[in-house]
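Take a look at the structures below.
First chain A sits with chain B, and in the next complex the same chain sits with chain C.
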Partner chain A sequence: MHHSHIDRFAQGDSPVHRLEARAKLVAVLAYTAVLISFNRYTVAALAPMAILPLSMLWFGGVPIWFALRRVAILSPFILAICLFSPLYDHSAHAAAFGPWRFVVSGGWLTAFDLAIKFTFGVLALTALMSTTPFASLLEAMRKLGAPKLLVMQLGFVYRYLFVLIDEAMRIRRGRDFRGAARAPVGRRLAAVGNIVGSLFVRTLERSDRIQTAMAARGYRGNSRSLSVSQFRGRDAAFLLAVAAYLLGCRWLYPAIL
Partner chain B sequence: MTDILEIANLSVGYGDGVRALAGVSLHVPAGGRVGLIGPNGAGKTTLQLAIMGGLKHEGRIVVDGIELSRRTTAEVRNRCGMIFENPDDQLFMPTLLDDVAFGPLNQGTEPSEAEARSRAAIAAVGLGGLASRSGHHLSAGQKRSAALATVLSMNVKLLLLDEPASGLDCRSRRRLIELLAAREEAMLLATHDLDLVGALCREVVLLDAGQVIAKGGVQEVLADAALLAEHGLR
Partner chain C sequence: MFPLAMHMANELLSIPVAAATLALGAAIVAVAAAVAGRTLNPERLPLMGVMGAFVFAAQMINFTLPGMPGTSGHLGGGVLLAVVLGPAAGIVTMAAILIVQCLLFQDGGVLALGCNIINMGVVPCLAGWGLYRLLLGSVWKAKPWRQYLSAWLACLVGVTAGAALVPIEAKVSGVMQIPLSHFLVVMVGVHLLIGLFEGLITFAVIAYLRLARPAALALAEAQPGRRKLGRGAVIVSVLLTAVLIAGAVSWFASSQPDGLEWSYLVRGYGRTENALKEPSPAVVGANDWQSKWSLMPDYNKRAAPLGAAAAELEEAAESAESGWPAINGWVSVAGLLGTAVTLAIVYLAAVLLRRRRRRVGPATGSQP
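Presenting the complex of A and B:
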């Protein structure tokens, strides 16, 4: 497993890639805030919210199948909530689909609302991550005033998540090559516990070595970094366009509807 | 020739009562390369960590005329850089450029100067063009070179190298040797790879069970097959 699973396509070159990370980050945060502000029973009003993430993906040269796969990978988390919501909300609501008018339960509307918001949200995040290198995102967060410690932690997660996964895979291989598949369930479960414990201890030891490496290069609690990006006119124009689009989606379109 | 590193009667103990180093004395001349050889657990890494001020110690460590103490740790770390056995422990920033600039920025260097130094260090180790790569996307050989760049950018006078060639294929190993041989900084090279020591160093110190067993010219020490066998190096 490699980093390409997080920010694949991020090193590309497109109009969206060339936008400054702060502009894209603020746009996606604002988009998410507007997205979740919609009433859960006004599902149809969400339709124009698809435009921003799809446009970012399209102009960023990110294949839609890649983004939809992300949605599919993460969907089990939301699917359970969607499936259970009709059981809890039995309120009746009038709904329209073209010329057809019908009554639908609030639970089903909530389920659709959640699924659509989740899909759009993941598409927007995927568009952001796929058009912005992770290092630029961290720099944008730092410049926007996110706590330094948080930014640093995220940097470490990005850097070491896959090192850890690789380590877990190696340990698992070591277990499997010694006939773990033939072991009774109890012993296999115990082995999993040992793997997790071993990973935990190794992570602690690694963190100790990283701390030593940081201290050896003069780190004393204050992280500084090179600042390479600049906020330009096109970034401001992009943000203004997104603001106008979000205002239209949130207030103009529902009023027309 | 003046010494860049002087160690006198150094002892380091761990909390569990293990005596990792006991009365170690050695010196590295300015611009000189000294091999620190010994079997696993001899205390080679512990010695280097102690020089960097990472472990409590007894005895005297002097780097470039500055005696190591809690007060002078930062000054000592501005003068010597350590390259860890596992480069993954050393490359923790999101990009190679950020990683290499980490040290200079912590030294208080202006960002523009830090960037220039970092790019020069990256080019010096042959990784020009990979500055925006993440450490995870580098090969094992490239990670070694990148780890070297992280300390070269700090303009240190002494390099502490901990098993720098472990896990490298022949080509990467040869490249690393060429790279290190071309440097002017003094080096204390901890390894049990005797060929590497023979290729790079003039002097060698044999450490075992936390004690200096032998020291002298490379030819002389490495020619003593019985001594090397006795201490698990042959």
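Presenting the complex of A and C:
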């Protein structure tokens, strides 16, 4: 498993990739806030909210199936909640689409509303992560005032995530080949404890080696980066356009609906 | 699979709740970062981040639950991190894990990060670690059984307390219609089970570490020349957690003085969402229908048979035909069409742009 499985499109080059990470981060945060501020019964008003994430994906050259697959993988929890809401909310709502008029229960409206909001939210986040290298995003978070220690930890987690996952997968394969599936429950649980424990000790030793290597390269407690990213005119234009778009989606469009 | 069930989604939160929890989470993480920076040896800083990655890796070591093929439990990690690294470093590391899960794996919403950090980072770390240390006493002198028992109880309480906050946060937001009691029972029930297995695995890891690397269990203990965290800190952290949970519960209770009514939610929306428009007759009507025809008005079993609601629905359909001039089906069709046309234009523009770039690309690339 490698980084490329998750953010494989982040290193590409496109108009969206070239935008500054801060601008994209702020835009996606604002988009999400506007998205969840919609009333849960106004499903139809959500339609234009599809434009921003989809255009970021298309202009960023990210295949739509990649983003949709992320939505599908993450959906079980929210789907369960969606399917429960019709059981509880029986209020009648008049709905109309074209020449047809019908009455739906508030529960079904809520279910659709939640599912659509969830899809759009994940699409927007995928668009951000697939067009922004994680390092630039960390840089953006630091410039926006996140605690330095936290940003540093995020960098470490990202750097060693897949190294350690690879190691864990190797250990797991070894366990499975030795017939762990047929062992009694107690033994299996003890095996998990031993494996995780030994992984833990290996991680301790690895972090000692990392520490030594970093100290040898001049690390004295704070990281330095050779950053060239700066907020330019096109980033400001992008943010302004997003702001206008969000205002239009939230107030203008529902007003004419 | 398990931690997925605990990650709060954006859609279950309202803006005020999301903002409040984000602010609270950010403040706690900032304090924890400051404390960890002071108490932890600066040479230990890479350890925290690598431990975060370790939690991801440990989640790969799955455990098939007995009698439930297909479901598998694995380590959540909050309590283990707090036990090994200390509560402050544990909170920062859990926050880093949750942010990576949110950004990289899109697991849990961006605006729900505050909730997730509180539910899965702050509460398990503080409650779990506090309970562990209270039950354990001195790490060096503790007997093995006592160490196991305290680790296990710490996981059980920490995980469940965090999970119990999910329905409360959702309910305060007013997005959910599932009654709080139902959701709470499901979440607490499921997470008591998860906490049980989390406790067993944490217990097994601690047993291994006791044999293989006893010093690792005391990483958060006194380091030469560093500030020592005494029993007072333990009690304070437990009290803090209790206050946190009690505060959430009482906030929830006071926000609904007239009991748990469905109509409360609708009225709440009428106040906040329709600030620009007058509350339409549809909303008022729906309000009436709702209080009359919900499945369990005021949490009592309905007196009238449910079948009556169907007749009312038909009546509502008729009134939709005649009254309610505000609803015009064609406008929503036009809106959908407009969105679709816009999307088509955006898509075409993106495709054209990419094609042009591809044509230009190799030519400029071959230039020396």
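Following the convention adopted for this analysis, the second predicted complex is superposed on the first by the 211 of 257 C-alpha atoms of A that agree within 3 Å, B and C clash if a C-alpha of one lies under 4 Å from a C-alpha of the other, contacts with A are read in each partner's own complex, and residues count from 1 in each chain.
The rule we apply is simple: a contact is a pair of C-beta atoms (placed from the backbone, for glycine too) under 8 Å apart; a residue touches a chain by one contact, two chains touch by 3 or more.
On a predicted model such as this, the values are computed, not experimentally measured, just so you know.
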{"item": "Chain B versus chain C as contact partner of A:R8, first or second or both or neither", "value": "neither"}
{"item": "Which of chain B and chain C A:G218 touches, first, second, both or neither", "value": "first"}
{"item": "Chain B versus chain C as contact partner of A:A135, first or second or both or neither", "value": "first"}
{"item": "Touching partner for A:L149 - first (chain B), second (chain C), both, neither", "value": "second"}
{"item": "Which superposed partner A:I210 touches (first chain B, second chain C, both, neither)", "value": "both"}
{"item": "Partner chain(s) touched by A:F77 [first = chain B, second = chain C, both, neither]", "value": "second"}
{"item": "First (chain B), second (chain C), both or neither touched by A:G106", "value": "second"}
{"item": "Larger contact residue set on chain A - chain B or chain C", "value": "C"}
{"item": "Overlap of the chain B and chain C footprints on chain A, listed as residue numbers", "value": "134, 155-156, 158-160, 163, 206, 210, 214-215"}
{"item": "Chain A residues within the chain C interface of the complex", "value": "6-7, 14-15, 28-29, 32-33, 35-41, 44-45, 47-48, 50-51, 54-55, 58-59, 61, 70, 74, 76-78, 81, 84-85, 87-103, 106-107, 110, 114, 117-118, 121-122, 125-126, 128-129, 134, 137, 147-150, 152-161, 163-165, 167-169, 171-172, 175, 181, 185, 188-190, 192-201, 203-204, 206-207, 210-211, 214-215, 221, 251, 253, 255-257"}
{"item": "Contact set on chain C toward chain A in their complex", "value": "4-5, 7, 9-15, 18, 29-30, 33-34, 36-37, 42-54, 56-58, 60-64, 66, 74-75, 84, 92-93, 95-97, 99-100, 102-107, 109-111, 175-179, 200-201, 203-205, 207-209, 212-213, 216, 262, 266, 269, 273-274, 276-277, 282, 286-287, 289-290, 293-295, 309, 312-313, 316-317, 319-321, 324, 327-333, 335-336, 338-339, 342-343, 346-347, 349-351, 353-354"}
{"item": "Residue numbers on chain B that touch chain A, as the complex places them", "value": "49, 52-54, 74, 77-78, 81-82, 84, 86, 88-95, 97-98, 101-103, 105-107, 111, 114-115, 118, 132, 134-137, 150-151, 154"}
{"item": "Of all residues in chain A, those that touch chain B in their complex", "value": "2-3, 11, 133-135, 138, 155-156, 158-160, 162-163, 206, 209-210, 212-220, 224-228"}
